[in-house]
Amino acid sequence: MTGQGPRGAKPRRRLSGRNIMLYGTLLFVSLYYLLPLWVMVMTSLKGMPEIRMGNIFAPPVEVTFQPWVKAWAEACTGLNCDGLSRGFWNSVRILIPSVILSILVASVNGYALVNWRFKGSDVFFTVLIFGSFIPYQIMLYPIVILLREMGIYGTLWGLVLVHTIFGMPILTLLFRNYFSSLPEELFKAARVDGAGFWAIYFRIMLPMSLPIFVVAIILQVTGIWNDFLFGVVYTKPELYPMTVQLNNIVNSVQGVKEYNVNMAATLLTGLVPLIVYFVSGKLFVRGIAAGAVKG
Amino acid sequence: MAGTLRRIRPFRNIYAKIAAIPMVLTTMVVFVGGTLWTVTYSFTNSKLLPKLNFVGLDQYERLWSNSLWLTSIQNLMIFGVLSLVLTMGLGFLLAVLMDQKIRYEDTFRTVMLYPFALSFIVTGLVWQWILNPDLGIQHVVRGLGFPAFEFDPLSNPDTVLYGLLIAGLWQGTGFVMCIMLAGLRGIDEDIWKAARVDGIPTWKTYAVIIVPMMRPVFITTLVLVASGIIKLYDLVVAQTSGGPGNASQVPAMYVYRYMFTAQNLGQGFAASTMMLLSVLIVLIPWAYLEFGGKKRG
Amino acid sequence: MTATSISVRDLTLNFGAVSVLKTLNLDVAEGEFIVLLGPSGCGKSTLLNCLAGLLDITDGEIWIKGQNVTWAEPSERGIGMVFQSYALYPQMTVRGNLSFGLKNARMPQAEIDKRVARAAEILQIGPLLDRKPGALSGGQRQRVAIGRALVRDVDVFLFDEPLSNLDAKLRSELRVEIKRLHSRLNNTMVYVTHDQIEALTLADRIAVMRGGIIQQLDAPQVIYNKPANLFVAGFIGSPSMNFLHGATVDGGNAFELNGVKLSLEGYEGGAVGARAKAVLGLRPEHLEIVGAAEPGRTIPAVVELDEPMGADSLVWLQAAGAQMSVRVPVERRLARGAEVHLRVDMTKASVFDAGTEERV
Amino acid sequence: MKTKTLAALLSTAIAVPVAASAVELEVTHWWTSGGEAAAVAELAKAFDASGDKWVDGAIAGGGDTARPIMISRITGGDPMGATQFNHGQQAMELVEAGLMLDLTDVAEAEGWKDKVYPPALLDSCTVDGKIYCAPVNIHSPEWLWLSNKVYEDIGIPVPTNWNEFVASAPQVEAAGKIPLALGGQPWQSNLAFGALTVAVAGLDVWKKVNVEKDMDAAAGPEMAAVFKAAADARKLAAKSTVQDWNQATNLVITDQAAGQIMGDWAQGEFQVAGEVAGKDYTCLPGLGLNKYLSTGGDAFYFPKLDDPEKEAAQKRLAALLVSPPVQVAFNLKKGSLPIRGDVDLAAANDCMKKGLEILAGGNIVPSGDQVWSPDVQTQLGDLQAEFWKSDMTPEDAQAKYVEILKAGL
């Protein structure tokens, strides 16, 4: 690989030794990444007898969608036999306000930290970063007390607040990095132009921040959609998100583990974040470039 | 006269101050308050419910004489170092490969990134399955005509951490790769030209010039990866439940078990406090470097 | 002098333990063009940001047009500001950029249109009004940035190194334009730069700054000819002033270095007094190369090399243990190693105390 | 059909008048495996039939997953209507903190004192003379479950006790089967150890160690024998790779493993799989050695709600849970024993009858849940987890065991 700068001229020959190495490695790595997905999809399309006999990597001999139907609409937890469908809309109801609020708060934080520094803002930021390292289990109890004192324990808004709080550290870090990469003089010019805190935020900063917002949305959609602990501890059954059903399907075995249903349930639960990734992958990288690169 | 002017100063930038309230409240009430609360109750003998019944350092003495806690810490250290080095190293290497003007970059990137969208519970489950000797890789390879083949990392206390690592890396490296790739793309092209003119080999350019230039990227990645490692819980629970035996126990599990299973909150809080302390030990030098040396204005 | 436009009183600014501006005082007359000049880190941009209200000061007061604006918002100070990086809002058109501030001030649309049209006419950016900044060249962008200050119709313009990002040709063009603008609008301008040509050409008065302190505040010619101290003397002028280290002798009537004695007769600073350590500052154009020694008026020197610069030529010599440069007509070529004498025009020289670095 | 008869029975059995409008009561529990879910369904059916509404809050993953949720909900001030808990010390603090509903009036009206058997069950619900929980079943973990078919295939008789089982293991292994199925989760090896303690060392030693807390006995030769037996079991279970208890049971059901040490709830799984006790499988209470059973079990606690209507419903549910028809229906499905001696279990199978006999004979071991704090139990569990999955010697394990008990005195 020596002598060939990665930004140099286009590779001369299609099948140079370097290219074989390069693409060979990438393909091998891709195999590692794709293997579990392959196993999940294939298994979810098999019947139980076939799973018991065969090889988990082999494609199904007889394709069946029954596991998907069962995972979505029929799998039981205790008395409720309506599968994941029960929690899907709850997850959506939790997701939307949590994503919006957490991103709004974190982006304003980042903006304030960069452009409106106040005494001790660095200290607050350091504490926030510290917060990102705190295992959620540790904070379970104090948060229960906090929510109880605020009188929103067990409500949707309580959960939204928890997601906002725990999303804040990493998101604030990203927004802070992003906003500090924007020219400071723009901000000054806007102040001379008489724009206040919010006017600058909405009129100047927001229109320039699409990539980092995409990153934030992806991170939050993934994190909040996949959350199990907060959803189950801070709400009650009528608000339980989809992951609670997933846990119940996967962890409550009726004699035999129904691997095909488990895999279908897993895929169904992961669908929303996966779609978000596939749709906005390119913007994600651009946003990461802006939000993480500048330190 | 200056006095009257000075007095209106707190009301300057009033909106900025209002906007900072959520952050200030979160940091002070939740992170600082919650931490102090936890530390306070770690000196009590609280069981199921927090009670202010102080017992001095008893919980800590017990904590450090508990072999499970020591095992947990050791496991986290081993897993953490390996995971940190490999995630960053492989992430960087993959990013370098992706930066070679390759075709189908989008496809490769999506393939590497998608596991990040899945929860640790799912990751743990799938890999538990693939690594299961009766179903997964071992089973298949034996079926291919290698009956002596053995690959069963999760059942052996000596290898279980590597089993966790396989799954952890699968989930995390793609994201790190993306950040690193972004960092590589942010490097001035002239640097490459200069290095080529100087006749520096590519690998050396990366090692000596590019990596040091990407310091902020590495720091951001470090924060993200390290915070994930310390919080490690879901993956272990889903993949091994801390087993076999206690071979894959981690501190967060210890905390959880003592708080809710053993109903010894005091012990759980003492363990929490030690975890928070270790975070502080890492974080304070970082904050000092980040804010202490830099002048504003 | 006319009425005071800007008055800075005992302004102090600290960042933590670091003192950036130290009890600074500055009065700017109405319609005056003040240039803040100094090396990077001298506090000139910081001072400008304080004037604009973009930085909160630690102590002191700022008055603009008779109002105490120490704690006023930037937009309430009656200022317009132009930045080095232009700072145009990328998502708005040129028209949007120009009218953003006016809209924030809730000005009626008709008035906004009128002002934008006037600014566009003055700066000749009419055809660009509906373009986005990304589609403009550097020079065009800076015109728009100036336009943004212009539409505000304010009495004070603040420029923060507005020409630094432009190439040499555009820079000199826009420099002239700014001067023309000043003579047309006749408002107060405070202009920050590290480029002494800009300072000397534009300014009514220059404030040379270092370490958060104004070293000298005077008309360009005074700054050039009678620098207040060694720093100003060295900073202004290209090539910079020759410094000879020696002592003043004969009760302050002569300067002596390495056995060479120069009479201080004609020195405009007046009585110098005897100083064991003093510095004699001589600009390259105030020296003349002569063939024969004139006692008390010349220094022996040896030619090292000459640098033709188009209109004239710079000759570098070794004289009395110091390196010196002399400006000569370009036709005059001197061979390397030639032994010559330098005649000093003492009326244009400066003498500094080596200890205090002040001009005496 | 069954529901109808149940409902009819209920309307006569319950003294509390049925409210005009249905009151919704959220019930949290971790009963999600096949047999368990079927048993819960009986409770819900009965409660719904009595005119109220059972809102099911099942959380899979066992007590460790569910308990934090319950505790958080209760301390967070938004509790459920009723929640499953194990007997004993687990809920004590919640009761002491005044967060639980006092059921004494229900207990008196229903005559629990005379009916609940063994009385120890009610004692562990009692704090300061007041009753705070409704016991629903008796669980005994000291059972060895054997697959008859495995032994038939090898051609040897089904073992009748633990020693025979160990002796038969080489032949089982030679036939390519796993001698002992054991799930990987720590609590299961802990349970196996508990069962071995009573079976191998006998009740007297057990009582000395766990009730009188005699540390010399804990370090004595009888307990050493128990640790030896555990080491045997460890060897026999080496090939078992499943995690959950019911997967292990499934190995026995599908004749891949010869036996499993598991509580009586395993019976529910055999039943769901359509197996018949005595014919398809054999159960040995007390591992066939010392036929004693523990009387731990599950109970329902009722957090205090500021709603008199709900409180009335809670009390109705409490009464219902203990009532004979529900006891029968529930325990038949669950495979556990009823908490009262006065019900007719004609429908009970072979294994349950064995259990009932032992209970009636008074061969009762108080459950570990009731004698040691959860803290000590967790540590013992951790020790067992390590012991069963490593090559720790029985001697070392015993030494650590004594150490943990001493610290918990």
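Each chain carries a letter (A, B, C and D) given by its place in the written order, and its residues are counted from 1.
The criterion applied here is as follows: contacts are C-beta pairs under 8 Å (C-beta built on N, C-alpha and C of every residue); 3 or more make two chains touch, one makes a residue touch a chain.
What you see is a predicted model, and the numbers here were worked out from it, not measured in a lab.
Set side by side, A-D and B-D show the greater C-beta contact count at A-D. Of all chains, the one whose CA centroid is most distant from that of chain C is D. Relative to the whole-protein C-alpha centroid, the nearest chain centroid is that of B. Remark: chain B and chain D have CA centroids separated by 39 Å (rounded to whole angstrom).
Averaged Cα coordinates give chain C a centre that lies 89 Å from the centre of chain D. Chain A and chain B have centres, each the mean of its CA atoms, that are 15 Å apart. Residue numbers of chain D whose C-beta contacts span two or more other chains: 68, 75. Shared contact sites, meaning residues of chain B that touch two or more other chains, fall at 256, 259, 296.
For chain A, the set of residues that touch two or more other chains comprises 140-141, 145, 247, 250.
Within the complex formed with chain A, the chain D residues making contact are 26, 29, 31-34, 37, 40-41, 44, 54-61, 65, 68-69, 72-73, 75-78, 80, 244, 246-247, 249-250, 253, 269, 272-273. For chain A in complex with chain B, the touching residues are 1-8, 10-11, 22-23, 25-26, 29-30, 32-37, 39-40, 55-57, 105, 108-109, 111-112, 116-118, 121-122, 124, 126-143, 145-146, 164-165, 168-170, 172-173, 177, 196-198, 222, 226-228, 243, 246-247, 250, 259, 262-263, 266, 269-270, 273-274, 276-278, 281-282, 284-286, 288-290, 292-295. Within the complex, the chain B residues that touch chain A are 13, 15-17, 19-20, 22-24, 26-35, 37-38, 50, 94, 96-102, 106, 108-123, 125-127, 129-130, 135-136, 139-140, 143, 170, 174, 178-179, 181-183, 185-186, 189, 192, 195-196, 201-203, 205, 214-217, 219-221, 223-224, 226-227, 230-231, 233-234, 251-252, 255-256, 259, 265, 272, 275-276, 279-280, 282-283, 286-287, 290-291, 296. Of all residues in chain D, only 63-64, 67-68, 71, 75, 90-94, 97, 184-186, 241, 243, 373-375, 377-379, 382, 385-390, 407 touch chain B in the complex they form. Taken together, the chain B residues at the contact with chain D in this complex read 47-49, 62, 66-68, 132-134, 155, 157, 241-247, 256-264, 267.
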